[in-house]
Each structure stands twice: as structure tokens, then as C-alpha cells.
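Chains: A, B, C, D and E, in written order; residue numbering restarts at 1 for each.
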Amino acid sequence: MPPKVDREKCDGCKAENEPLCEQICPGDLFTLGEDKKARCRMPRDCWDCMSCVKICPKGALETRVPYQIGYHQAKLIPLMGTNSITWTLIDLNGKVERFHYINRGSLD
Amino acid sequence: MKYLYYPGCSLKGTARDFEESFKAIAPDLGIEIEEPGDWGCCGATVAKSLSKELAERLPLKTLEQAAKANRELLTLCPNCYLNHQQALDRLRKDETAKASPSRFPDVKQLLDVLGFDLGPEEIKRRLVCSLAGIKVLPYYGCLTVRPFPPGGTESRENPQIMEKLIALTGAKPLSFPDKVDCCGGGLLLTKEKVALKLAGRILKVARRYAPDCLVVACPLCHFMLDGKQNAIERELGEKIRIPVLYITQLLGLALGVDHIRLGINRLITSPRGLLGKFTRN
Amino acid sequence: MENKGITTLNDIKTEIIETDLLIIGGGNAGCFAAYEAKTQNPALKVTIMEKAQISRSGATAAGMDAINTYIREDRGETPESLVRWGRAQLGGGPIREDLVLSNAELLNESVEMLEEWGLPIVRDDEGYYKLRGRWDISIQGEQLKPIMAEKAMEAGAQVYNRVAATNLLMAGDRCVGAFGLGVRDGKLYVFQAKATIVATGGACGIYRSPVTDYTGSHHQTWMCPFNVGSGYAIGIRAGAEMTSLEQRWVAIRTKDFCGPVDTLAVGYGCLMINGRGEKIMADRYAHLGGEKAPRFLRLNAPMTEWLEGRAPTYVDTTRLSSEESKELREDLLNERPSFVLFLASNGIDITKEPVEIFGSDPYIVGGHTGSGYWVDIKRMSTIPGLFAAGEAAGGSPNKFVGGCATEGRIAARGALEYLMGVSLPAPPADQIDREKERVFAPLLRGGAFDGVTAVEMEERLQRLMDEYAGGVSQFYRMNEERLEHALKQVKVLQDQTRYLFASDLHDLLNVHEVIDRLSVAEVLLHHLIYRKETRWEGWQTRMDYPEVNPDLDCFIESRRDPLSGEVKVFTRSYEQLVAGDRTKG
Amino acid sequence: MERISACVQCGRCSAGCPVAFESGQSPRQIIRLLQLDQRGEARRSPLLWFCATCQACSTRCPRGLPVLEIMLALRREGQELGEVRAPAFYRIFRQMIEKSGRVSEWRLGFKSALCRFPRRPLGQALLFLQLWRRGKIR
Amino acid sequence: MSLKVTPKIAIFFANEGDELSQSVDLAALVPRFSRAKNVSCCEVLPGGGAGKNREDIIAKYQQGMFNRILWVGRFSPEQRRNWESDLAAAGLNPYLQEWCDLREQGIYHEKDLRELQTQKAMILIQMSLARTRLLEPLEPLCLPGTDAVLVVGGGTAGLHAVAALAQAKKKVYLIEQQSAVGGKVAELGRLYPRICDPHCGLDFIIQKIRKTKSVEIHTLSRVVAVEGGPGNFFVRVLKAPRYVDEERCNACGECRKVCPVVLPEETSGPYGCQHAPETVCESTFRKCAISPPWPLNFPTAYVIARPLCPPHCRKCEKACPSAAVLLDQPPTELTFRVGAMLVTTGWDPYALAKVEEYGYGRYPNVISNLEMEQQDALPGEIREVGFIQCAGSRDERHLDYCSAVCCSVTLKQVLALKEKNPAVRCYIFYQDIRTPGLGEELYQRVKALEGVLFIRANPAVVRPRQDGRLALRVEDTFSGKELDLSVDLLVLAGGLIPSEGTSEIADVLKLPRNAEGFFESHLPCHSEESQRTGIRVGGTSRGPMGIDRAIETAQQAALDVLPFLQETIEVTPTVPVLNLSKCDKCKRCMEECPFGSFLFDAEGFSQVDLGRCRQCGGCMGTCPLLAVSRRHSTIEQLAAQVRAVKPSFLAREEPVLLAFLCANDAYPAVRRAAELGLSIPLNVFHITVPCIGAVNNALIADALAFGSDGVLIAGCRDGQCHYIKGNQLIKTRGDDLKAKLQSMIMDPRRVRLTNLEIRDSRAYVELIHSYLKELKEMGPNPFRA
């Protein structure tokens, strides 16, 4: 499941050291490219846990279903709040669905 | 060093000796030039005074030629240089606006090439005879230094490059406070009296320094100071009698080039005294 | 790329860390173990070795939508009833009832800890945890992993991220810590610990995944693909006793995209149907409990439909309302978000069409089945000083999130008890040098080396196991000869590991992952060969011994001799502590 | 020209201008006229056609105003509005380049000499002769 | 993890003059909230809580009926302060009190809106309540400090600062590059207004310093490195050898008699100075290798220019009667622990040779005004002197700014000159004469002089005449006439630029500088601040200014650092706190902190230097992992407030707007709007933050996720942010978020940034109305239930 890096948006986390996606990826799949932007070294090895998408402060990452098993170009975009998360789901025909729920703390 | 050479109108006429002397020394200095047959007038100061469109159009032809040949453009006449340089800046401005790299090579004037592309050291290596004992007064005029000074780095008020070149020949360069003043050439055919007055001012100051010759790098300056010297003497009611050489001619002498080939015989104000000194040592 | 300029052995720095308690794997069990240890004895130095980044590592990286075991006392459930159910789920076992009971007693407490830490757990109107099914409670667990990690760290555990365990550090027959490969800094880490807990995930990628080929995704798996069984491997190589590896876990998943089915089936009562629209369980397996039939059967049933020509198979989601569908997908977003994306990118509306299902590849996961280390009641393995918890510890299936957490705590208590009065020997120089050489050899061979890449060997192993050791392509069926063949091939592969090379540290990690997989595969094959019967159809189907053999109503154990490398297989008997019909939950 | 207002009237342009005081008006005054919105008067200023385009004003302006460009613009404006007619020399020059693409100096000189009574015609003639003898006009 | 006491909250409604009860239904609110979670009592105070109920509130507190308070209603700042101090006296931590002003949130005595207003009040109180639950008691923090201070640059400004600090009984280290203190002023001839010798002034201040024992002066020294933070700077100083023992040398001068080195006269021009005042004046003054210190004789010990010494020459060593010469003295490195630093590194003259048209460096009789200072009586043959003002100043090609002092300097010089040589004729070429305030007197005094001509014009060129005089041609811009003048001496009023020392120290201390190279300070709020806490800047290193202002600013700076010069430094407890168990070491906090407050700790985590921190919360705003929280406006507290906003109280088509207000400008603007009775619509909810830089994208995400239709972020105007760049920080982050919203197919206009200043109350209200209109057109937020 290839995570897509938007080279425009990505700032390599200022290329201070490891960008956040590199730090967080459970599969050790991200590195900092020569261009000082995040690079996924082996997209086929991704487990699409979307940790990188959630953590990226620049909104530069997107998880895609490989075309072999999913049509172009549906999107699933998480937006992290302090104690809740929203998901925007766009299917291949552009139909939009939205989800929002608490992911931390009490539910009331 | 290879350039696309743009002569300009005067160089084929009143400044013939400028071109001759340049072409005579170019090989010795390792300068190669290729001259397009079909060049057109740059518009001098006239085009800009009449029509923006015209002024902006005229230089384009040569710049295109330079781009095609992918050679830097060399002009001997500072006025032509100015017009082409300004045109180039305009082109590059909208190129950068489109963020596309410039396809146009630089435009150079004589002093850029001698003083910076080649450089004094390089020239010194090639000089063969010394002009020691000659006092030379360098005169830049306007357009060689304004608005684009030689090498882009030279001072506009107190340039030194001609002094350096003169020193190479063994001759003594005198420092000339009025070296960047206007000779009035641009007014010759409209306000002759003023023109002569300005040139007169320069020659008068020049005489204070009792030089063996003036050295210039501009056809118009040369025409005013050399060609018009008699007229000026008449206006001032006093004799000046200073031969005026092109820097190329002076270098030519130091390169041991025969002065006929340098077109020195074409001077109006006789250089005999100067040449006498020169042949003596 | 990043090989930190390592070209010779001397370039490799060694980092020696002394600690009281070393926890290998900062997952569910690991975090709880650390928290327990630190809160029981704050003076203790507790260290976690984590292969990835603790806040989003391992099986729960994406989150969780449910805790599959919680004892609702108000509904009359008890630890014992949990044991009975778990036993029945395995068709009567054998299971380690002592372990399961001790787990069950602390289970609820652990779950309540999670809620207190900030994990949102859905409650019903009476304020009880909302059930879906008999034991499962719904959570909004997108943050499950970060929450556990933070607590472990707040408690004061020292975490070493991006350090992958490569072997145990031994003093004679005693475990005194472990070695780790610094995946980022290229160092060899030597953790010297009075006690060590293996709390790693299970083994994924031993078998080929049915969705791997031609899908551009190598990791369409149920288990986290970065859990490769290293936890077992290091024990196996050190001569620890392993139990019940043959009790493989295979899950029924959505086809073409290894999406969760339990959420749909258990959580939303969507039934499995076949191509003809017949209810598979109710119609054909009523005698075995129908929908309530043991897990391995619920896996095997649809696959049988395929074999017998009634495929394809589905879970029937069509009678869900659109609200339910949304609610359902919300749950999925918590566990496997990309499955929701998968549905959207294929324009599937589950209320209009059923979701196709198919079996996954087999895994070794002690949190779900009984595979893993043989441990005593304190969760100490047969190697003194080495404890195991969660997916790593065998004998107590159906632990899942809550159980693994609990076992982490139990193991921690055991370890604390053990390490009192234990002292640390000096770091064994020779052992360190040997390990350094072993670990970094593939990197030192360099990227230009004419050899074998980790991926090549991994894929060869996976195909081998799939076809000869009862993978999905064979509908999980196997027979003696195929297994023997597989074993022979695995030995060849093990010999070939000397050709593995790595051009950077990530490669090096992959290399050791495949080496670990081989260690697990070898022992696994011995287990499969030994159980000459078919006890858990689907999970373990022997075509040459299709029946249950009453003589094998016992645990199958193995121990690999660290010196000779020879694997000894033997049995341990089953003890029933909770009375009652073993097949009835 | 929008930066006209930046001029601080320091007079450096005028002080350095070789012709200002021939024409009786200075570049500074022209800029001032523009500041005062008296463009017409600026266009008609005698200074404009005295300018030798020596660039001294522009290069010395502390506010970086393109003084010369402003002058030239005014020259053009004046003609476009038909307020002023460029001196003969300019018109002849233009005809030449439009006809042949280049300029023949002596014709230029000669023709424009014809349009106004030259100073010391004899001297002029003599110069022509000298130039011709030295092959500088053909 | 602090031990948590379960909150028992008291809610008090201030109903002074029934203000509250007129606008909301208290009878409904009070019982509603007395049942709320953690609320132990809920009462209405008839008279804003004066007189009697003051005692019984305190009594109730002391009986332990509550341990934190939520005040609802309108309290004047005085009332707040009184309550806080009274209750503090009774033992209630001031940080456990929350103030919920309904009027600011648009609730007035609107009879017909009472119902709706009550509902909004309900939400507002919920918001404050949620926050109150999460309040933590805070005590001021104490950092270890020291009463020592380090002053860099011993010019007039520096000396006055030193004197001031010494009088305040602080230990002062003065670091000076030259061999003696005094700086540029010591090079001046006379001072306005008394046209007296500046040395007497310097002498006076030096005597003052001499008296105190607490000043340590290090000459020939430069700061090379600094560590630590306010209260605890560790400054490393490199001290070049003087080759003369400062204690022993009594400046008898014997050594000079034997020194073989004689600097050739011709290095100095006809006017005693050669054309590079900053260097050669010293050498000309020095004449030989060993010489008195320069520019002043304080400290008095001589100094040796070792490079000038002939090899193996030790004559001075032998000649010295007090054996003070140390020809082999090595350089030394010193470290000082100080609580604060003062930078008064001053100015250098602009290199006039660059102003080519005036021929400085080409013609010997063109000199700089600084050189003119060193002229005593001028040679008799001098009849005419020209002064050109703005030589390089106010000139695009050189210095864009006005050098501030040159006018007065020239006028002063003319005065002095005319006093000695009354016959001399002076021409002053100028653009404007700038002698603000009482300086006019100087101008008039000079104007009144005979033979002084002010010419409002600048020459373009200077030309030497045959007779050696200088020809000037100018246009007298008043008459439009051409003037051809000639002078014997031309003085160029050169400009001031930041000294080399200034750029040097800026690099060492990482002090921000403006385009001109002077220290950037936040004018006018904190004029002497350097944007680095504990470091103050004074004098001409901040910009061109006269001696008087240089002294004032330096003294002001000295005053400003006093708080840092204590044994312990008290820091307000509202500091940022990092949760290391969340931190991922991404360093964004470090990147974005306007004050460089973050340092690396041993493990590579970033760590706040509480001394440097200004508590703007920018770090909290930027942290992608919400690992940073600014105390008392923690991410949790803000989140709780945001989450409590319930848009559902309005009909779905009525947009609800959540506005984050910067505490410095936007909030006061809103408060003022309320006071002016401007109509703040009920659709908007205000949350105040220390600086909008502190608003984390996650909070904005929350706001939208929980259904607000729009989020407004109101901060200071550009260049007015009290924390320098909070508004720019939020801008870039906001852009990222907007881009994300776009990809989520949500209208990015739902998030809007605006910049306000305190008087923008009306503008704000208009903005709200127009924004609401816009939002209405957009339709409801898709996430709104």
C-alpha cells in the first residue's frame, strides 16, 4: 500500500534530523531523500496503518490503495484533533462521507 | 576567447581606425571575432527619443544572432553596447518572470573584454615593446562607465581600468579628474555650440596635465576630441594640439603592430610628436 | 544509503546498557509489563527494547475497534466461564487452564486501567461496557497504542526505539539480557538485565499471503507484517521450550484485501453465506454449534465451500441499515482504516452487496492460539531469567488485547520476584564479539556482494511453506511427505543465509527478519510433523491423518539444542482444572 | 515614473548635468514639475532636447530615480502629443535606419547641416575634406 | 504527575444591579449548574461580591466547601485583583480561579433574546467549567541567579551603563576591544552645547566607576562564546596580550624614548589623519610600537603593538623602571558567570571612499567629519570650507537611513571653527537640517553667524583646481541658479554604521539584527530588548543617535536588566511544559520559538530555558504531537473549552463561529467592543490565548470537528505581535490546514486569520458580521451534527 508524499507540502520536518513519518513508521519504511524530503523506500511493504498520515503536520502524506486492487482516486483523509479524529472518505465517484469520533478521554 | 562582433555604424566610418586597430591587435591578444554580415543600427540615442517600440526592436536582431551563435556579443561602440545591454536586461527580466533560464549570452564592451575577460596579466604577457616615457591621459566619457561600468565592478566616478591598461604599455597614466565628464558628442548635430563647449572644457583641463596623448574607448568621444579639435581651438581661441588615440591603438603600439595597420595615420590631430617620442625609445 | 559509514567490524560501536528488567517489544504486553514493574517498584530500572517507534508500533499501530475479552460479571460470566469458552473454541483444547485462569482473574482490572488512561470505551445505557457478542466490548481505540506507550514512559520505563532484538544474552543456561541491532545508529546494543521479558508480537510472513501476488502490496496480511516471530526465534536459538506451534492461527478475512471479518460477523451479526446464498454455519454446521462453532471451524467452513464448489463466500452485510454501515465502518477505521478506503475505491456499498471473504495465510500468534514459549504460572520460560507474555507466551489462547495486557502484568510480577537477589555477570566479551560478527556480516558484505537479498529468501520461504506446509493455496492441507520436503528445504535455506547481504541498515533488519522466520519455520515444521492427526481442521489439517487421535490429547513441545542445532520434540500432558464438558463453552 | 514622488530635490542631478545651465532649466526642476503634475510644461522644457544622454543624473540620484529615462519618455510624449517636433537630425537618422537599417554618418551630418545654418561652414567643409582624405567617410 | 485533589468548584454569579438576571434566566442556570459535575456550590452574589458576602465566601472556602472558583459575570479588573488577593490570603491559589464574562460573549440585556442568551450562557459556563476542572495550582518559579552583569563595549554608552549598574551594587564586567575605554566619543573634539572637550565628561564618569570596587574592566578583549540563559549566562572572553602589566605600569613613558619603531609621518595626510580614521588615527596617535592606550588613558597602562616590533628587540623591557613590560605575555581566556548582558558596541563611520563623487581618498583636502573633530585651529591660508551633509546617508546607493547626528555635528563644527577662525567662510550643502527639539537653538546660532551660507543642494562632483583648491558646482535649489564655488577644505558629513564589534557580538549571542545591521528591538514596547531575554542593547548599536540618547538608552538598558541580577529570579509559572513521553524530537518548537528559548538536552529532546522563555506558547501551537503545554492555558484546558462549544443551540442554518483571541490586542479590542455596547452576535464564541501562535492546528480541527462552522484567529497586526512573529507562525500553519481542508473538500474559508489592534473594536464587530454572512452562504459545516 503505497503512501504518497506530496513533495510540495513536505518540508522534511525542516530536515532537522528524522522527519516524523520516518520516526513513526512501524515498518521503518521512510527515509529523508537527497532533496531533504521524506521518501518511502519500499511502498509495497507498507501495512497502511496510516500512522504517518496522521502524524504529518504538513498534511503531505496520503495512503493509497494500490491500483491493482482499488480504483483511482478514492481518498481517506484523517484530521487529528486534540481528543477526537475526523475522517473524510471520498469514493471513486467523488462521493464524500465524513466520520468524527472521540479517540481519547471520556465519551460524554 | 571568441565573440560575436557587432561593429555599429561609426566603426565603418568615422571610427574606422578604431575597428582597424582592434582587428589588428585581436589575434595577438587571442581574441577571435566572428562578424555577421547583416547587422543593423542599434538606434543610438535617437530611437529612444522618438519611439519606445523602435528603440526596443532594433537591438533584438543582434541579440538573436548572438543567441543563435551562442557567443557573447562584443561591441566597440559604448552607445551600441548600452542599447544592447538594456535590451538584454529587458529580455532577461521577462525570462526570469517566466522562470526560464536565459538563452541570451552576455553583451560585452571593449573594456570588459580587455580589462576583465582577458585581464591585465594576460595582456602584459603578450606585449612586446615598452612605451616608457610617454604620459597618457585616459578619458572614459559617459557610456563606457554609465550606467554599466566595465566588468560591472569598476567605479563609475573614478574608473581605473584604462589606467591599468596604459600602465601595462610602460607609458605613465595621468589621473584625470574630468575623465568621466560628457564630451557633448550626442549634441554635435543639434546643439553644436554646446557640444563644442563641453568638449572644450575637457580638452582645456586635459592640457593642464601636458599629456603626450589622450586615450579613449568611444568613437564619439574620439570624433569630438580629435576630429573637432580644430573647431574647438577656434572656439576657445587657443591651441590644444593633443593627439587622441584609441586604447586599441595604444595597445597596438605596445604589441609592436605597425601604426598604419592601427590606422593611426587616420587621426585628424597629428600624432607626429607622440610617434617621434615612441620611435626614439 | 544509511549504513552509518560501516565498512569494517571496527566501525561498529557497541552500547552496553545495564538494567534490572529488560522488556523485549514495546507493544501491548510490553507496555503493561513496564507499567506494572515501575509502579510496583519505582526504584527499579526498567528498559524496553523496541524495534520500531513505541507510540505506533506493532499489531495495534493503526488502532483497535474492540477488546475481545471482558468478563461481564453482571451477566454471570466468571473467569471459569471464560476458560470453558476458550477451551471450547479449541474444540476442547488442550489449553493451559492454569494460565488462562490466572489471566482471567486480572483481566477486567487491566481493561479498566486502559479506560482510566484515556481509552474511550463505549458503555451501554446502564453504564456497563457495551458488549458486541459474548465477550467483546467496543472501544474507540484509534489511540490505543500511543496511550499505552505514554503510560509506560510516564511510569519511568526507559525506551530504546529502533533497536531490534537479535539474540538472548546468556550466562550458562541463564538468560541475562539480550542483544539488539540499532536500526538507525548501526550500533550493537547489549542489554544486561537481571530478568528479561519477551513481549514481542507473533510470527507473520512465514507463509505466503493470498493477496500478495500482483497486487503491488507485499503486506496484505492479517497480522502486523513487521512482527516476524523474532521473539520466538531468539528463544528457540537459545534452547527455550516451545509449545503448540502447530496450533496455527488462520483467520477468515475479506477477500482481495485482508480486512477484518469478526467486526462484521461477531460485531454486527452478519452471517457467512455461500455462492448460493445459504447460511454456511447454520445450514451445515448446526451440529457443531452453528454460528457459535469454534473459530477454526468458522475459518474452515467457507474454505470448504470453495473446495466443494459452492464459492464464492460472503458475509451478508446487505441487511445492515446505512446507519449501521456507517457505525460499522467507523469501527473499521479504528482497526484497519484502509479497508474502508478499499471499499470506497471499489465503490462497494456493503448495504447493497455482501462482502466477499476468504482465508488468510497462517500465523503463529500465542495471543490467539496456544503457540509460544512454554511458561510456568509466573510466566517464566524454561530458560531461567527469561519470561514471556502476550503473543510470545504459549498455552493460553484467546488473550487478545486485554489478555496480553494482563499477561504482561503477570510476567512483570514474576520477573520482579525473580530478579530480587539476582546479580549481573560481567559482559561476556566473546559472546558480544560473536554476535556482532553474526549480526553485521550481511552489511559488511556490502551492497555489491553477489548473493541473496532478504526479499528473495523471504519469498522463497513463503512459497515453500504455502505449498508444502499447508498454506492458503493448499486450503491449509498437508501431509507427511510434503512437510518432510519443506523441512529439507528450510535447512538448505538456513545454510544459504551466509549469502544474504544488505546495502543499508534497513536491509540488514530485513535480513535478520528472514533469518528469524527460518528459525520459527524449522521448529514449526517439527511440530506439524509430530501431530499425526487432524485436531483443528483448517488450522492444522493432516490429509494423511484426517481424524482426531485421542493419544495426542496433549501439548506438543519442542526444544532446539543450541549447540547441536538438533530439534527434540516431545509432549506434555493436559490438566483440566475447570470441570465440565471440554467442547461446551 | 511612479517613483517621481521619491525625489528629495537634492539637486545632484542638476549639479552634475553638463547642459542644464545651457538650457536654463535643470533636471531637478523637471522632476519637480512632474511632482506638481505640470507634465505639459515639463514636456515643453527646452532642457529635454539639450540632454546629451550622458546618464550622470540617473547614476548619481540618491533615490535611484531613472532621471534620463524620464527625460526620454517626455521627449517621446511631446512628439506623440504633437506638441513638439524632434530636431531634424533625429528625423533624418530615423529615415536612414528605416530605409537602409544603418546610418551613413557623413550623409547624416550633411543633411542635418543643411537643415540649420552650421557654425563656421568653412571649417565644416574642411573637416569633411580631412575625413574623406583619411578614408573616414566614403 | 502531580497528586490530584478532586476539584470542588464554587460558581458565583455576579449580579450587580441585576445586570445578569436581566439578560439571562439565572433561576434556570443556578440549579442547572449546582448539579453539574465537580460543582459543590453555586450562588448569586447580589452586589458583585462586596461587603458581607466577601467574608462568608472566604469562610466557606476555609470550611473546605470548595477548592476552586468560577466567577460568572462582569468583574472590573480591580474587583478581580481584590478577590484574587483576598482569597490568596485565605490560601486559595490564584490560578484556581476562572472568570467567565458573559458580556464579552455578546450577552446584553436584550429582553426578547433572553431565552437564547440563557442557552448561550449555559454553553459559555460549560466551557469555563470544563476549563476550571482542569486548572492547576501554580506557584512562581525560582531560578538560581547571580548579581553579576557583563557589559560589552566600553564607549560612552557602555561606561554610563556600567556606572549605573555599579551604583546599584552589582558586580560588573566590562569587555572592551580597544586598549582603553572611551570609544568614539574620545575621538571627538568638542561637545555641544557647551562646545566643551568630551574628555572631561568621560573623565567624570570614569572617576565615578573608579570609586566603586565592583567593576572589572577587561580591555583588548572580545566575547567568543556564551552558554546558559538569563540568570546564568556563562560568557567566554578572549583577552589579547597587552604585553604590559596593567598593575605595574605607571605610564612614565621611559619605554617610548627607547622604542626604535617610528611610524613614518607620510602615512598621515595634511590634516593629521589619513583616510581610514578607524584604524590609522590610532597608529598616527601612537607614533611608535609601545604607546599609551587608546583612545583614552584608562586603564593607564601602555600597550605594545607587537607586530611592529623589530625581531629580538627588548629595549623597552630593559628601559622600564617598574619591570612592567611582558613581551612574551600569552593571550588569556576568561569565563564569567553573569545574570544578564548589556551590549553597547556602538558604531563605525561609513567608509566615505565609497561616496566616490566627492573624491574622499583622492583629494587630500576632502576629509570626514570625524577627522574634522580632530582638527584644532585650521591653517591660516584656509579661507573657505565646505560641508556636505548626508554624504552616504539617506542614499539608496549607500545608507538608506538618516544618520541622525551629522547635522548637529556639522553645525557644532562650524561654531567651533568660526570661534577659532572667524574669517573663514563656510558653505553647508544640505537636504534638510535635522536638529529636532531644542537642537533648533544650535541651528539658529549657526544661521546667525556671519559668513556661513546654507545651500539647500548637494554637489554632484568635486574637482581639484590648478591652485589645489576644490571646485564645486551646485544648483541652488531655491533660486534654481548654478553656483560655481571653490573651497580650501571640504568636510563630508559621513554616516554611522553598526560597528564591527556589533556584528561580531550579534553572531556570538545570536542577536537578531535589522536590514541596516543594527540590533532589532521591539519598538516602542520594549525598546532596549534584543529578542533574547536577559540581553539588552543600548546606544548606537541600536541605531544612529546622539550621545545624549546613547547614554539614556544605555542607562535604560541597565535598569531593564536589574530583575535578572538577583540571587534567585522569579518566573511567572505559566511556562511551557514538555511531555517527553509524547515528544518525538522533531524540533519544530525549537525552530519556531521567537526567542531561541529551546536547548537540546542530553538525549536530544528539546528543553525550555525558563529564563529565556517569554511564555507566548508558540511551541504549544506548533507541536504536532501536542507534547507541549503552556501552563494555565494548557492544550487540555483549551481543548476542553473548544469541545464544550455546542453549536446545536442555534438553528442549523445559523452559523456558529469560534474565535481565538490574542490576549494582547484582539481580546482587549473585544472587551472594549463590549464596553462600547457594540453588538457582538450570539453566534460567536471567544476563547482567549496568550498569543495566536499558541493555537495548535489540532484545536482548530476540534472546533470544526465539533461543528463550529467557522474558526476565526485574531492576532496582532504584523510587526506588532508582542512575541515578534506569533502571527506569522499561525499563518504558515493555517495555510497547511487550509490546504488539508481543501483536500477534504471543505471550504478553506472556514478558517480565517485576522490582525487587530486594541482600537479595532468596531472593525472586529464588522468583521464578525461579514464573516458570519459569508459562512451562512457556505452553508453548515459538514461535520456539524
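One rule holds in what follows: a residue touches a chain if its C-beta (ideal position, glycine included) is under 8 Å from a C-beta of that chain, and two chains touch if they have at least 3 such contacts.
Since the structure is predicted, the reported quantities are computational estimates derived from the model, not experimental observations.
A.B. asks: Along the shortest chain of touching chains, how many steps lie between subunit A and subunit E?
C.D. replies: Step count on the best path from subunit A to subunit E: 1.
A.B. asks: Considering only chains that satisfy the touch condition with subunit A, which of them also satisfy it with subunit D?
C.D. replies: Per touch definition, common to subunit A and subunit D: E.
A.B. asks: Chains touching subunit B and subunit C alike, please list them.
C.D. replies: Chains that touch both subunit B and subunit C, as defined above, are E.
A.B. asks: Sort out for me whether A-C or C-E is joined by the greater number of C-beta contact pairs.
C.D. replies: Answer to which pair has more contacts is A-C.
A.B. asks: I'd like to verify one number: the distance from the centre of subunit B to the centre of subunit E, where each centre is the average of its C-alpha atoms, in whole angstrom.
C.D. replies: That gives a centre separation of 54 Å.
A.B. asks: Would you mind pulling out the distance in Å between where the CA atoms of subunit C average out and where those of subunit D do?
C.D. replies: Each chain's C-alpha centroid was found; their separation is 91 Å.
A.B. asks: Distance from the CA centroid of subunit A to that of subunit B, rounded to the nearest Å?
C.D. replies: Spacing between the chain centres: roughly 65 Å.
A.B. asks: Just how far, in Å, is the C-alpha centre of subunit D from the one of subunit B?
C.D. replies: Between these chains, centre-to-centre, one finds 21 Å.
A.B. asks: Listing for subunit A: what residues touch at least two other chains?
C.D. replies: Residues 18, 23-24, 55, 75, 85, 90 of subunit A touch two or more partner chains.
A.B. asks: In subunit D, which residues are in touch with two or more of the other chains?
C.D. replies: 56
A.B. asks: Could you tell me which residues belong to subunit B and also touch two or more other chains?
C.D. replies: 156 - these are the residues of subunit B that touch more than one other chain.
A.B. asks: Give the pairs of chains that touch; include all such pairs.
C.D. replies: Chain-chain contacts present: A-C, A-E, B-D, B-E, C-E, D-E.
A.B. asks: Which of the residues in subunit E come into contact with subunit B in the complex?
C.D. replies: Listed in rising order, the residues are 356-357, 359, 362, 461, 463-464, 466.
A.B. asks: Okay, in this complex, where on subunit D does subunit B touch?
C.D. replies: By the definition above, subunit D touches subunit B via 18-19, 22, 49-56, 58-59, 72, 75-76, 79, 86-87, 89-90, 93-94, 96-97, 101-106, 108-109, 112-113, 118-120, 123, 126-127, 130-131, 134-138.
A.B. asks: For subunit E, which residues count as touching subunit C in their complex?
C.D. replies: Touch residues, subunit E against subunit C: 1, 579-582, 584.
A.B. asks: Using the touch rule from the top, collect the residues of subunit E that touch subunit D in their complex.
C.D. replies: So the residues of subunit E in touch with subunit D come to 357, 390, 394-398, 431, 456-461, 473-477, 480, 482.
A.B. asks: Using the touch rule from the top, collect the residues of subunit B that touch subunit E in their complex.
C.D. replies: Subunit B residues touching subunit E: 155-158, 175, 177-178, 208.
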